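Think of it as A, B and C in the order they're written, each chain with its own count starting at 1.
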């Protein structure tokens, strides 16, 4: 979908929320839901930061690390991709304390979602690094750079551009997964919705608002990543060799 | 830390719950694959639907599955229809993944070079023959592995049905946990089950990919 | 020691599985010598350059640069395979220009030329930029300093690549089919730069080329490779004027036929 359409959708959703806020059946719920949305946004941002860090580390470990590190990175990637996000959250929440490690629910949320998406991100980082032409490595070798210099100055800046679209999708996945934290007692957007629904049974107004708020959050991520992609691609399009 | 006797004791209960998870997965995926195809074909056949369908797809893909599960489960009673939790859950899984599947089909059809359509017109093939004999056979090799990946992804989201108390694996593990105050074994077993299933299906998908790509698309 | 060869290939072999690409190659190249390597595709000629640049490992033999082993290092009078630090030390004497340019697409012409001098040689940015400006002027691109590779023609990109390699002050320059990816009308400008390099700088040059005319006029020696071996070599006049080997004759005939 084009960036214009996305912006139109964003504006339309915000206007729709603003309009609904003027009506009594809806306005009642909005403040509580927005409170939940703040928590959702916090977990999303911190989770994304953790995911990117884990993805870059494990992709580099898998590609260039010594055998034990490679093995560890693979183990991490397979486990967190192979089991479901909710299972991971429950494991951190219910099982980890039995081993003497009790984390705050908020920490469990950030850790669980960040590690989960990071495992998927690792594959996207790895793919992007491998998509950089072999000639780039060879030219850097001919200029006598060290491997670290090649990676930092030549390979990663080019891989970065290829990584942006898949990361956009992963950030959306992470945002959507934050709804799961409502099941480990955090009062995020999904939790507020569920709670209000139970007390009032006004399903349609509550969930309409909730879906719209999630839509706004995802559109913000999508549009932000598109703009980043356009900027980065401009740099590389100028630079793409024939 | 780990109680093997307890593990074996809960194993039959978990196995029974796993059957529910797998049922939900298969039913949900059949719904997703069919509905997704309907969406993708409608876009092609009725051009004016392209925009509303892509907005709908974007809407479904941008909002959490958990919210969609809650919504379907709770909204039907307000229309006087009561859905049991399992049906509501399967419906939500199916609709959510139909949005993803429709994009897979679309990409599959879009990837076929224009020249193939043009050559078919030049040969005076009817649109239906073109679609059946020229387009579909070329679209299948990229579509199948992508659908396979979504099948696995859908399977890994079935634990969300525990939120509306469907007695699938996760819910069963949680109940065992709350009754015995031992969470380590049930939740870890659920995790291992998902891990094993994911690894096996990944191997299957790779095999299917190889099989489909062995014969170059004609 | 003045007649110590700049580069010596000593019984160097390279195999890919059952395929022998280079078979016990013996080749000495003198300081400032210009050697053109020609031959049919698959004859191992590009592999010679890539091994010298350490882009390909060798299976047998030793490569020497200025009397020091490149692929090996001396320990207690014995040669053992070189470690990374040793390779980097020797490799600093060698620069390479590729068939497909391999400029860094996310950097301007200027940035391409100062990247390695700053990060590898530890030059100050100012000094690196001054030197790069001089080199870009020499290759006739002072106007294009701030252009990105995609904004340049193939010939211009290749000239930037030459300046980039020279910025590392190599003693040996390797040219791997540097005009093969260029449109015919752009070949001349690149060859002109190489010609100037040869006459104005002290450089040992090895070039794999299909430009027979250029090899004839520019090289001190022509080596004809076929099936992983040097079939025939000699000064261009003798080589082109009076080839001895049957395969050389066939090859030259075929190339001249194609025009």
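The rule we apply is simple: a contact is a pair of C-beta atoms (placed from the backbone, for glycine too) under 8 Å apart; a residue touches a chain by one contact, two chains touch by 3 or more.
As the structure is a prediction and not an experimental result, all values here were calculated from the model.
Engineer: Comparing chain centres built from Cα atoms against the global Cα centre, which chain wins on proximity?
Structural biologist: A
Engineer: Which chain lies the greatest distance away from chain A when centres are computed from Cα atoms alone?
Structural biologist: C
Engineer: So the centre of each chain is just the mean of its C-alpha atoms; given that, what is the distance between chain A and chain B in Å?
Structural biologist: Once rounded, the distance between the two centres reads 21 Å.
Engineer: Calculate how many whole Å lie between the centre of chain B and the centre of chain C, each centre taken as the average of the chain's C-alpha atoms.
Structural biologist: So the centre of chain B lies 55 Å away from the centre of chain C.
Engineer: For chain A versus chain C, what separation do you get between their C-alpha means, in angstrom?
Structural biologist: Roughly 46 Å, centre to centre.
Engineer: Under the stated contact criterion, what part of chain A meets chain C in this complex?
Structural biologist: Those residues of chain A that touch chain C are 133, 135-136, 138-146, 149, 153-154, 157-158, 235-242.
Engineer: Under the stated contact criterion, what part of chain C meets chain A in this complex?
Structural biologist: Touch list, chain C to chain A: 53-55, 88, 91-92, 94-96, 98, 100-107, 115-116, 119-120, 148-151, 154, 157, 161, 164-165, 168.
Engineer: Touching residues of chain A toward chain B in the complex: what are they?
Structural biologist: For this pair, the touching residues of chain A are 1, 9, 78-79, 81-88, 90-91, 94-95, 98-99, 172, 175-180, 182-183, 190, 193-194, 197, 201, 203-204, 207, 210-211, 214-215, 218-219, 222.
Engineer: Please output the residues of chain B touching chain A within their complex, sorted ascending.
Structural biologist: Per the stated touch rule, the residues are 1, 54-55, 58-59, 61-67, 70-71, 74-75, 78, 156-160, 162-163, 170, 173-174, 177, 182-184, 187-188, 190-192, 194-195, 198-199.
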